[in-house]
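Next up: the structures, one after another.
In the two complexes below, subunit A is the common chain; its partner is subunit B in one and subunit C in the other.
Let's look at the complex of A and B:
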C-alpha cells in the first residue's frame, strides 16, 4: 500500500502529539511566559502591572544578593561536579572488581541516592550541629574543639557541597557500573597479553570507552548543580548572610517570600540562558571528544 | 484525599441527621477556611474537632477547614485559591502578612463586617498587644488565634551548680552577661556549657525585635511604611547581641541554628535559651533536668515581639458568608476554646477572659511557666511587619547575620539595611 506524503505527515504529527502537548504546556509556554513577565513590573491591587522594558534587568545588575548567589553557585558547581564524577568513577571501578560482599558494597554506595533530600538534610543538620553534633563529637575524641559549621560563612558552603557530593556520587556510580559491565573482557585480556599496566589500561582503554557515560553524567551533574537546593530549606535558608544561598533558592525566595514574580522571572531567564549556553557548548565541543561504539 | 472524602462523608451524614426535617438547605452557607500549623502534627485534630463542634452548633453553616502547611504555604495556597476563583472566605495566616494582604486587596477590615454593639465589643476583648499586628490605618484586619511570644528557658540545675539562685533568673542585660559568665564552663579551649543562646537563623528579625524593644525601640511604625533599623537604640541592641558572643564569650560566635537549639538546651549545652513559647510543651516533656521559664531581660524596659497567626476575612465573599465567617471566628475565639487551645499547644490565651476560665486557671496553677508568656504580654509589641514584608525582613535578617558572623559592624549593616528599606517603602508613604 502506497501512502501519499501528506497522509504520512498527519500520521507522524499524531504520534508526536501527546508528547508535544505536554512539552508545550509545561515547558515552552512557561518559558515564554517567564520571558514576557520579566519585562513587566510586579502588579497588585493598587498598582497594576505595566511594561517596564529592561528595568528588572537593570535592578538585577545592581542587586548584591544576586551576584553573591551567582558566585556561590559557581563555586558549588566547580566543586560538586568534578569531585562527585571522579568519586563515582573510582567507586564503580572498585565495586566492579572481584570483591567479597560485592552487592553489599554497591548497595551501601547507592543508599544516599534513594534517600529523599529533605530527610538527608535533617540528618546532616544534626551531624553539623556544634558541640552535640556527630562531627564535633568525633572530633572531640581527638581533642579538637567544636566548630559552628553552618553558622560560619567560611565553612557553610563547604558543608552544603559535601552533602551534595555524598548524595550524588552513588547515583553517578550506577551509570558507570552499568557501562563497565558492557565492556568486553577480551579487552582486558588483550591488554594483559600486550603487557599494559593497570593504570595504562584504565587511561587508554576504560576511560575513553566510558566517555559517553561521562558526558551523560556531566550533563546531569551540571543541571543538578543548579537544580538541587532542597537541602538549603532545612539547613541554612541560604544564610548566614546569603553565604550558602544558590541561584534557584534565591529565585524561590523572590517569588514566594517577596511575592515579586516579575523579578523572579527575570532571575529565571538568566538561569535559563546560563543553562542553555552550557548545554549547547557541551554538545558542540565535547561531542567531538566522545567515542560512541 | 481519603481524609477529605471522609470529611465530606462525615458532613453528609451529619447534614442528613440534622437536616432531614429542615427544608432550608438552600440557605446553608459554605465556608472554606485555610489554616497553618507551625509546630507539628496533632494540632490539626484539635482544629478539626473545634470546627466540627461549630458545625453541630450551627447546622446551617458548612465549614471546610483545610490544613495548609506552614505560614508561608498557607499564604501561598490561600492567595492562589483566591486568584483562581476557588472560594475561600476566611483563613488563619501569619499576623505579619497583613500589609501584603491589604496591598493585594485580599482582605476586608472587621470594622466593615461587624454590625451590633456586641460584636464591636468583641473586637476589643483581646489583649491589646496581640491586636497590634492586626490593626493599621485605623482599622482592625486580623483577629488573634494562634499567638506566641519569646521567653527565656533556663536550666535550674545549671544555675544551682554555678552558685546562682534558680528562682531569680537574670532580669536585665547586665545580669544576663554576669550570670552567663558564671554559667559558661570551659575545659581547656572547649566550651562544655554555654551561658546563653539566642537563635539567629530562621527568624533572626523576631529575636532582634525583642532586643530592640528592650532597648526602648520599635523596628517600624504602625502604618508599615517606615522602619527604624539604624536608630541609635537599634544599633546598640545589635551591638549587645554581637557582644554576647564576641566580647563576653557567653554565647557561640557565628549564627545559632533555630531548629537544633532546643536540642542544645535539652542536652545541657547551653544554660539559657531564648525561644518561642510554642516550645513549652516539648521542653516540658523532654527535659531531664529542672528547668524554669522567665520573661526576657530588660535594658531600658522589658520587651518581646508577639508572633503567630491571625484570622482574616477575604474580600471575595458575600455578606452572608462574611456573617457566617464572623460567627465561626467568634466561636473559635471564645474563652473556653481559647483555653483548650492554649493548654494543648502552649500558644497564648488571646484574651484575659480565657485565663479566667476554670481549665486554664487550674493549668497555670499546676504549671506556672504557662503564665510567663501571658504576664509578659504587658511589655509586648508587634512583630516586624511592613509593606514589602518579605524583602524588608530579609534585609534585616541579612544585616543581623552579617554582624554576628563578624563581617560588618552593627552601624554599617543596619545603615545599609535602612537605606534599602527606605527605597522599598518610599512608594507607600
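Let's look at the complex of A and C:
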C-alpha cells in the first residue's frame, strides 16, 4: 500500500499531539504568559491590571532586595558548584579504586541524595541549633562558646552552602563513578608502563575523558543552584535580613506572600534569561573542549 | 646474557595457582611466543614480566638485572595490548608521543622519533586523527608505533591481532615479524592461535594450566611434540591421537607388541591407498580448496586425513589408509608423555 504524503503527515502530527499538548500547556504557554504579565501592573479589586511597559523592570533595578538576592545566588552558585563537583570527582576516584568496604563507602556517599531536601534540612537544623545542636556541643567540649549559626547574617549563607554541597556531591559522584567504570583498565596500565604517575594520568587521561560527564554535571549543578531552595523553607525563610535568600525563594515570596504576581513574573523572566545565557554559553564555549566517545 | 629470564615463577590468587613454577629464557633479539588455550596463564605470565602483575614466587631477570619487584616503568619495556589501549581523546600523534612526554624528552627529538616510527608503521598520513576515526588495523599500528617509539629493547604483546579479521591478521603477522627483525627487538608475544605462533616465533613456549608443556622452535613442536597436549594443539587440523587398543584387529603397527600406547599421526601424513594399508571407513569430507580434510574411522577411533585436491564423501564408504613409520609419534597413555623407546613399523 502506498500512502499519499499528506496522509502520513497527518499521522505524524497525530502521534506528536499528546506530547505537544502537554508541552504547550505546561511549558510554552506559562512562559509566554509570564513574559506578558511582566509588562502589566498587579491588579486588585479597586485598581485593575493595566499595561505599564517596562515599569516593573525599572522597579527591579532599584530593588535592593533583588540585588541582595542575586548577590547571594552568585555566591551560592560559585561555591556549591565547583566544590560539589570537585568533591564528587575525588570521591568517585576513591571508591572506584581497590578499597575494603567499597560498597559501603559508595552507599554512604550516595545516601544524602536519596533524602528529600526537607529531611536534609531537618537533620542539619539539629546540627546548627545554637547551644544544643551538634556543632555547638562538640565545640563546647573544646571550650568554644555557642553560636547562632543560622541567626547570624555572616554565617547563614555558609551554612546553607554546606548543606547543599553535602547533598549534591554524592549525586554527582554516581555519574563520575559510572563514567570511570567505562574506562578500560588497560589505559591505566599503558600509562603506567610509560612511567606516568597517578597525577599525570589523571590530568592527561582521566580528566579529559570525564569531560562529557563534567559538562552534564555542571549543567545540573547550575540548574540546581537556582532551583533548589527547599531547605530555606525549613531553616531560615531567607532570613535574617534576606541574607540567606536566593532568587527562586524571593520569587516565591513576592508571588505568594506579597501577592505581587506582576513583579514575580518580572523576576521570573530575569531568571529565565540568566539560565538561557548560561546554557547557551556552555554549549558554545565548553562543547569544543569536550571529547565525546 | 638473556634478555629475559624467568626462574621458578608462580602466581597465586588466594589458594589457586594461575602460573606454577615457570622457568624459561628469552634470548636477545628473538621472537618468543607464549602459546596456550584460554585461561592457561600465558597472559598472567606476560603481565608479570611487564610488572603489571606481582610475582608471587620466583625471580625475574631482565637483561641480567633482578626486576622481580621493579615498577613497570623501570623495566625498559613496551607493551601492546589486546584492546590496543589507545587514549580515545588524544589523536594518533599524541597517543604515540604519550610516553616520550611523560619522560620529558626534548620536543625536537620527539618529532624526529615520531617521523621515523610513523613512517615505519605507515601512519604518516593519519597523525591528526582520533582513534575512533581509524580502522582496526590502523589502531593496531598506532599501538605498535607507541611501543616502538620508546626504543626499548623488549616489547611485550598480548594477543595483539585477535581483534582483526583473518586477512589483516595474516598481513600484520608478517609485518610485525619483519619489524621485529629489522629493529632487532626482543619480543614476547602471547597468543592462543597456534598458526600465529608457528609462523612468527623463533621459540614457542607452550603452556597448559599454568605450567610449561613444551618449549622449543616451531619446528620442534611440530615434529617432536613432547606430550599429547602439544601434539593436539599444534597443526590444523591437529595430530590424530589413536588408542591402539581400540582400533580393532589390524596388522601390527608397532615394531614390538606393546599392550597400550597412543599413536599419533598427522592428518597430512596419511594417504588413501587402493591396496595395502589398513581398512578404515570414510565418514565425511570437509573441502578447503587446496585440499580436503576427511573424517575417517578405524575401529572406534576417529581420525582426520588431509588429502590434496577435492575428494567428496557423499555417504560413508570403506577405504584403506596408509602412513610411514617415520611419521608416527608414540605417547604413553597414562602420562601423555612422548615415548621414543617404542618404534612404529610399516604395514
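Quick note on the criterion: the second predicted complex is superposed on the first by the 277 of 293 C-alpha atoms of A that agree within 3 Å, B and C clash if a C-alpha of one lies under 4 Å from a C-alpha of the other, contacts with A are read in each partner's own complex, and residues count from 1 in each chain.
Definition applied: contacts are C-beta pairs under 8 Å (C-beta built on N, C-alpha and C of every residue); 3 or more make two chains touch, one makes a residue touch a chain.
Note that the structure is predicted; figures quoted are calculated from it, not measured.
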Fit or clash - subunit C, subunit B, common subunit A: fit
Which superposed partner A:130 touches (first subunit B, second subunit C, both, neither): first
Contacts of A:151 with subunit B and subunit C, given as first, second, both or neither: first
First (subunit B), second (subunit C), both or neither touched by A:140: first
Which superposed partner A:241 touches (first subunit B, second subunit C, both, neither): first
Touching partner for A:186 - first (subunit B), second (subunit C), both, neither: second
Which of subunit B and subunit C A:194 touches, first, second, both or neither: second
Winner by number of subunit A residues touched, once subunit B and subunit C are compared: B
Nearest Cα pair across subunit B and subunit C, whole Å: 53
Interfacial residue positions of subunit A with respect to subunit C in the complex: 184, 186-187, 189-196, 200, 204-205, 208-209, 211, 291, 293
Touching residues (chain side subunit A, partner subunit B) in the complex: 44-46, 65, 125-126, 129-133, 140, 145-146, 148, 150-153, 234, 236-237, 239-243, 253, 256-260
Contact set on subunit B toward subunit A in their complex: 72, 76, 100, 103-106, 188-191, 200-202, 252-257, 259-260, 263-264, 267, 269, 388, 390-391, 394, 397-398, 401-402, 404-405, 407
Touch list for subunit C against partner subunit A, complex: 50-52, 72-73, 77-79, 81-83, 85, 87-89, 98-99, 102-103, 130, 132, 146, 150
